[in-house]
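Following are the structures in question.
Next come two complexes, and both contain chain A; in the first it sits with chain B, in the second with chain C.
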Partner chain A sequence: MFKGIFVDDKEEEKKYAELLTKISSGKLNIEFRLPEHEVTELADHLIGQHFDFAAIDFRLDEVPIKGAEGNKQKNKYRASALAQQIRDRAIDKPSSDLPLILLSQEDYIKRIFHADSTAEDLFDLVISKEELVTEEPLRLAAARITSLAAAYKTIQSVFAKNNNKPVALSVLLGLDSNEAEMVLNHQAIRAIAKIQYPHQIISKVMALLIQRPGILLSDEHLLARLGVSPDSPNISQLKAKLIDLKLGYSGLLCDGWPRWWWHRLDAWGKGILGAPLGSSAGSERVLKLSSALKIELKPAASKWSKSSDEYFWVACSSCDHPTELKHSVLGYDANYQPFLEPSRICWYCIQTGAYDSRDLIIDDSDENLAEQIKNGKIQPQAQMSS
Partner chain B sequence: MSVPSAKEMAVALRQTGRALHQKKIIEAGNVFEELARITVAHGKESFTWSYEISKSNPIVFKRKYDRHLNKTIQPQIYASISVQRSPAGGVCFRRLDLALEVLDDEGNVLIKHHIDFANSPKDQFQEGPLFHLQFGGHTPGHTKSFEVPIKEPRWLCFPLDVVLLCEVVVANFYPEDWAELKNLPGWNAPIIASQKLCIIPFLNALHIKASTSSRSLLDQVWATSLGATYIAEGFS
Partner chain C sequence: MKSDLLNTLKKQLSIELEQEHVDFQAIAELNKKILECDKSSVRFSIDARHIHRLGFELVGRQETALSELIKNSYDADATEVRIDFVAFDKPGGFLTIADDGSGMTEETIRSAWMRLSTNDKELSPISDRFKRSRAGRKGIGRFAVERLGKELILESGVLGELQGVRVQFNWDDVFKPDVDIGMLSFSIERFDKAPEAHGTKLTIVTMRDRWTEAQLKRVWKSVILLQPPYKVRRTYRGKALTKTEGKELDPGFSVVINGKSSSEIQAEFSLDKTFLDQRLARISGYIDKDDRAHILLESKKLGFSDKITLDRKFELVGETSFEADYFIYLPEFIEGFSTRTATDVGSEYGGIRVYRDGFRVLPYGEPRDDWLKLAYDTGRRNIIVPAHNVNFFGQLELSSDVNVLLEETSSREGLIENEAFVQLADFVRSGLEWAALRVAAARERKQTAGQKDFTSKRGKPSERVKKIFEDVSATSSQSGPSGASAVPADVLKEAQEEVQKIVENFEQEQEQREKAHLRYEELLRILASLGTSIAVFSHEIRGALNGFSGSILNLKGLLADLGAKDKAKKPIDDVEASLSQLNDLASYVMSLIAHTAKREKNEIAVHSVITEFVSQFKHYLDTRQVEFEVAINPPYLRTTPMHRSEIDSVLFNFLTNSIKAMDRANTGNRKIKISADREGEYVRIGFQDTGSGVDPAIADKIFDAFFTTHQYGDDELVGPGSGLGLKIVSDIASANSGLVRLGDAEQGFNCRFEFLVPAAIAQQ
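Up next, the complex of A and B:
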């Protein structure tokens, strides 16, 4: 069990600590605390109590809390100030580093927090309170907090065994050295091996491996590579078979963010199809995969052309549906690295404007094309031949 | 003949990808990183290696405006290449299949060019020059109205790999970028290495054939269902 704390200036928000503790089935024990101290004192307390993680509301200063000695408000700070104090202490003592989760109202997250990139870098995870009203998002939030706490402990434990020195990333990701040399030999990834602070390692692993497809694939990108429809029957059986084949990722954060090794899937696909997965259309891929795995699968259909004979490759960043490069535009990503799969937005989401609500930005190079789709100059063709 | 090791080829592919990506001539560099990974998977010191750029994930160049069509066009490349150091007859390619397509705004194929090795000696040979340039052919997933219905002629050409085909695309479609790239060692080094792999041995062989034989060059490099004459005669 991981012991955590939730800090909020409103007593009634204690319910989130209780809800997350309850749904975690014994994996999390979250206590609640008001910000009753100055920021440095509170940071000292959180570090001193050896919590495994801390969840913090963004606005800690809305309900004034005054000390016994006078009228001065003690909680005149926001989550970012408290988080910075905690991160500063972790630099002095990496073994005290812990996951920081922003648990706040959607409006503050969008309007203020995301506008401050310095504050964004301080937190491992951002959770909107408004999402935690049904079981599924609560369960996902609890799983991700648990996964983060476990990842910090793993890093600290591995470092301790190595005389508190950084170790090769392959050790933390569960790759043998031969695979690691083939898959992780990129400058930005090699640099992670020199980092000695858990929160910085987690931040890099999140940005370069978990949140962006390339070396690892999410479930959505897995289906796109296989050409399988998200509403196909037997997806659970498909995943179970792929896990048996050791294609699943089992390293840091795998429980909160399930991922697949692309290089293993690629090699396996070549064995099944006799050619790379991407060399055949979705319908043909699924036919051969269904036959090889002996499970009935439904091929994806392009949301633009409605055809399953497209060459699906990525999940649309907006709708998560398998999409073909031919009918997608490039998404802008300021932190793109050459070994990552670039963000793609399908033409259907451009036409409907759905991408806008996901805060996605079209890359300048495809802006004119997107305009033509939006204003109807480019329309789906009636029938694509195969 | 200078066949690079898998590691050397991986470095060359990465260099090309980074130069193109830094100039923003390609949309993303990940295809080249993938090629490097796949090539090195054969063993770093291996001189037998292969890579494939699938139709689902081609090298995609940036869109450029074409004033004649009054719309943007976009070149893309896919390929399948297999190389071995000491093959029969001196040809280092076991498989060479390069395709260059140019698409319009709506994703329709405007042109499609192939550079092929006329099948491997294990298979039945196609009729035509052993290395040939060909136009047209059907692209699955694209409308047939944009296709060239006749596959012939197959033009005699020297073999190219992905690095050299990228140079052809940049020179033809992005001449201003090419003028700048030509000054960069990181751009030129892989091209020089690929020329040693692809072009120089073939041109040397043609030079010898043209100097010593009474038969035409085309006749000597023409592959038939019986096999390529010059493979049987030797090629060095």
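Up next, the complex of A and C:
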């Protein structure tokens, strides 16, 4: 069980601590605290109490809390100030580092928090309170917090065993050295092995492995590589079979963010298809996979051409649907690395404008192409003939 | 030496006087020479050529000269004057001006016509027979004829005489320099005529200038002022009237200018083409036997009619009626006249006259009378629409046996101003004011919300002023026999007044626009503060809803822990469902605020906006059992750059309207269809429903501010009608060069609104 704290200036928000504790089925124990101290005092308190994680509301200053000695409001700070104080202490003592979760209202997160990238770097996870109104998101949030707390503990434990010196990332990711040599031998990833602070390691793992497809794949990208429709029956069975085949990722954060090793999937796929996964059409891939796994699966259909005979490869960054490279444009990513799978946005989302509200940016190299799609110069065959 | 000369002259004069056939010319010359021998005093003499100089200085333009001669006919109580040009398209033609006026005796010709600067019109400003207010400028007639041609034959005769008089003048040959005008004599010729014939005929030979169509038109326009624009009353209750307004019935005055050019083009103008045809609206009103007042309004020019029954009774007046023609003196409403001419007619003859038993009751409707207080209130801008006396030409009927309380004063100068009179004035004034305001409303209303040429119909002020300057330049290039190109003073004056009027009208319109703008700004301020409140409170409400939802989840967990039965869980599930619905709506408001916060304009992908809108309200519509259909073709449709929140607002307003309309229709078939397609260069969003539809009678008002058909209690969520929804949609359309309109609903639907905005440039 991980012991955590939730800091919010509104007493009634205590229920989030209770809800997350309850839904975690004994994995989390979250206590609630009002920001009754000055920011440094509160940071000292949180570190001193050895919490496994801290969830903090963005606005800690909306309900004034006054000290006994006078009328001065003590809680005149926001989550980022408190988080900075905690991170500063972790630099001095990495063993006291802990996951920080921003748990706040959605519009604060969107309007203020995301506008400040330095504040963003301070937190491991951002959860909007609006999401926590039904069980499923609540369960996911609890799982991710648990996963983060476990990851920090894992890192600190490995460091402790290594006399507080950095360790190879393969140890943290659950790969043997041979496999690691093949998969992790990229400059940006090698650099992670030099980091001494747990929160920085988590930040890099998140950015280079968890949040972007490449070395690891999310469920959506897994289906795209297999050419399976998200609406297909038996997806749970498919995933169970693939886990049995050791294709699933079991390293840091795997419980909160299920992922698949691409290099293992690739090798397995070649064995099934006799060729790389990307070398056959979705319909063919699914036919062979269904046969090999003895599971009935439905092939994906292109949202542009409506055909299953496309060479599906990635999940669209806008709609998460399997899409083929030839009917998708390149998305811009400021933190792109060569070992990552570039973001792709399917032509359907470009045509209908669905990507507009997802804060996605089209890469300059595909801008002209996207303009032609937007303006009807390029249309699916079916639309042109109608 | 000089005394010898005087004696010689005396002898010569004595000899002349003693002869049997007196040589008057010789006597006049001797008389002049004798006077020159006077050593004790000096005398003025006038050079004969002075007539010519006066002609050109006093009567600059030939059309003014002709107008003056026509006015002379009017002043002489003529009922008709005929003007015939022969070969008028180049100098040298001739012209006759013949009237059936009172004519001149030989004595009148001698004492008045031949005498310069007579003050006859000053002494007798009213004509003898029809009591016309004399229009001609004093003593200018003979200069006018000299201005027009080289020779004049004057023929005139009076009623009852058997002979008329004819005199011939040869201006250029006789009126030479160094000749004293007093020494010039012209022989009188007498001719036989019928005793009932009367009138004057001027024949102008060898015209100095050519005549153009434009000049003839100006002559015609100048004579329009000579008589009232309305027909003079001739009967009352079926009986012929012999007198009206205390004088012999004026049968009217007609002018016919009939010339024929060498290109055989007939140019004919007649005053029968009445001024009143230019009316903007006809207003009529009556008080019925129940003392109720009804006002009717019809405007063919604006294409509408309306009526109203006043909200009070007029018990002291009795049955009566009035009718009036309403004029607004703007170029777009007055054809064939300059606005200056039309305004002059209004100043001279405008107002509401009162007739009692068929006879005019003065002073009502006279130029300085303001019995309806129209001049008072327009002057103080208590009424801002055109509603001065000059804007109306009308009359009111009274009868001594029906309107018994409305009596004339003993001096016969108006009605006794008792309570009945106050009610009467209130009746007419209320009717005219209502009609003027109604016309103003009709003029201001656009035909469609996005109509862009609304203010440009009459042309830009700068273009109209430019046209006036061009006209003035054209006049200067054709004026003057000497080839002088100076602009005649009266043309210049008219042009200045026209320009002044255009500027004043523009200022007035600007003022009205500013007022409308201020009203709208006020509305925007209210909406902005409302928006700020919504932004603040929606955040709080969203927070509260989250808290509520969390508490419900907690409660559910507790119930589960306690092993509660399904029966106990049901109410919690219901609360959860309602919360989910509220969360959907709160999310919509939050996203709207987020979009509104973004100030930049972007091309809007219609598919995405509509899809998101439908998904946002899906739960809400499901609970209200509304079936939703979306058809977007082509899917790539994008609008011109605009604010995303504007499209959201359009869809939301259409949606709330549809729900209200379907509730009102109380139909089991509740369907909404949103479609999007192209219409020319526009993106068209169609919004259809199975509601009650729009009554054609109010179709032209639904886009007006504060117009609503909804009542409180229609729908607790979508709220009562503010009357702003469609106005906002309409303003969004206008602001983006688009339009909103009612369209033809597809089969299965009762109402269709269409919102059109230009497509993205690349899609046009």
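Just so we're on the same page, the second predicted complex is superposed on the first by the 382 of 386 C-alpha atoms of A that agree within 3 Å, B and C clash if a C-alpha of one lies under 4 Å from a C-alpha of the other, contacts with A are read in each partner's own complex, and residues count from 1 in each chain.
Assume a contact is a pair of C-beta atoms (placed from the backbone, for glycine too) under 8 Å apart; a residue touches a chain by one contact, two chains touch by 3 or more.
Since the structure is predicted, the reported quantities are computational estimates derived from the model, not experimental observations.
Novice: Scan A:Ala90 for contacts with chain B and chain C and give back first, second, both or neither.
Specialist: neither
Novice: Give one of first, second, both or neither to describe whether A:Ile127 is in contact with chain B, with chain C, with both, or with none.
Specialist: neither
Novice: What is the contact status of A:Ala79 with respect to chain B (first) and chain C (second): first, second, both, or neither?
Specialist: In the superposed model, A:Ala79 contacts neither chain B nor chain C.
Novice: First (chain B), second (chain C), both or neither: which does A:Ile235 touch?
Specialist: The answer is neither, since A:Ile235 touches no partner chain.
Novice: Scan A:Leu330 for contacts with chain B and chain C and give back first, second, both or neither.
Specialist: So A:Leu330 only meets chain B here.
Novice: Of the two partner chains, chain B (first) and chain C (second), which one does A:Ala119 touch, if any: first, second, both, or neither?
Specialist: Neither chain B nor chain C is touched by A:Ala119.
Novice: Mind pulling up the chain A residues that touch chain C in the complex?
Specialist: Counting only chain A, the residues touching chain C are 12-13, 15-16, 18-19, 22-23, 105-107, 110-111, 129-130, 132-135, 138, 351-354, 356-357, 371, 373-376, 379, 383.
Novice: Show which residues of chain A lie in contact with chain B when the two form their complex.
Specialist: That would be residues 182-183, 186, 214, 263, 266-267, 275-279, 281, 307, 309-313, 324-327, 330, 336, 338-342, 363, 365-366, 368-369, 372, 378, 381, 384-386 of chain A.
Novice: Touching chain A in the complex: which residues of chain C?
Specialist: Residues 539, 542-543, 545-547, 549-551, 553-554, 557, 579-580, 583, 587, 590, 594, 597, 603-609, 611-612, 634-636, 638, 760, 762-763 of chain C touch chain A in their complex.
Novice: Residue numbers of chain B touching chain A in their complex, please.
Specialist: Counting only chain B, the residues touching chain A are 17-18, 21, 24, 27-30, 32-33, 37-38, 40-41, 52, 54-58, 60, 62-63, 72, 103, 105-107, 140-144.
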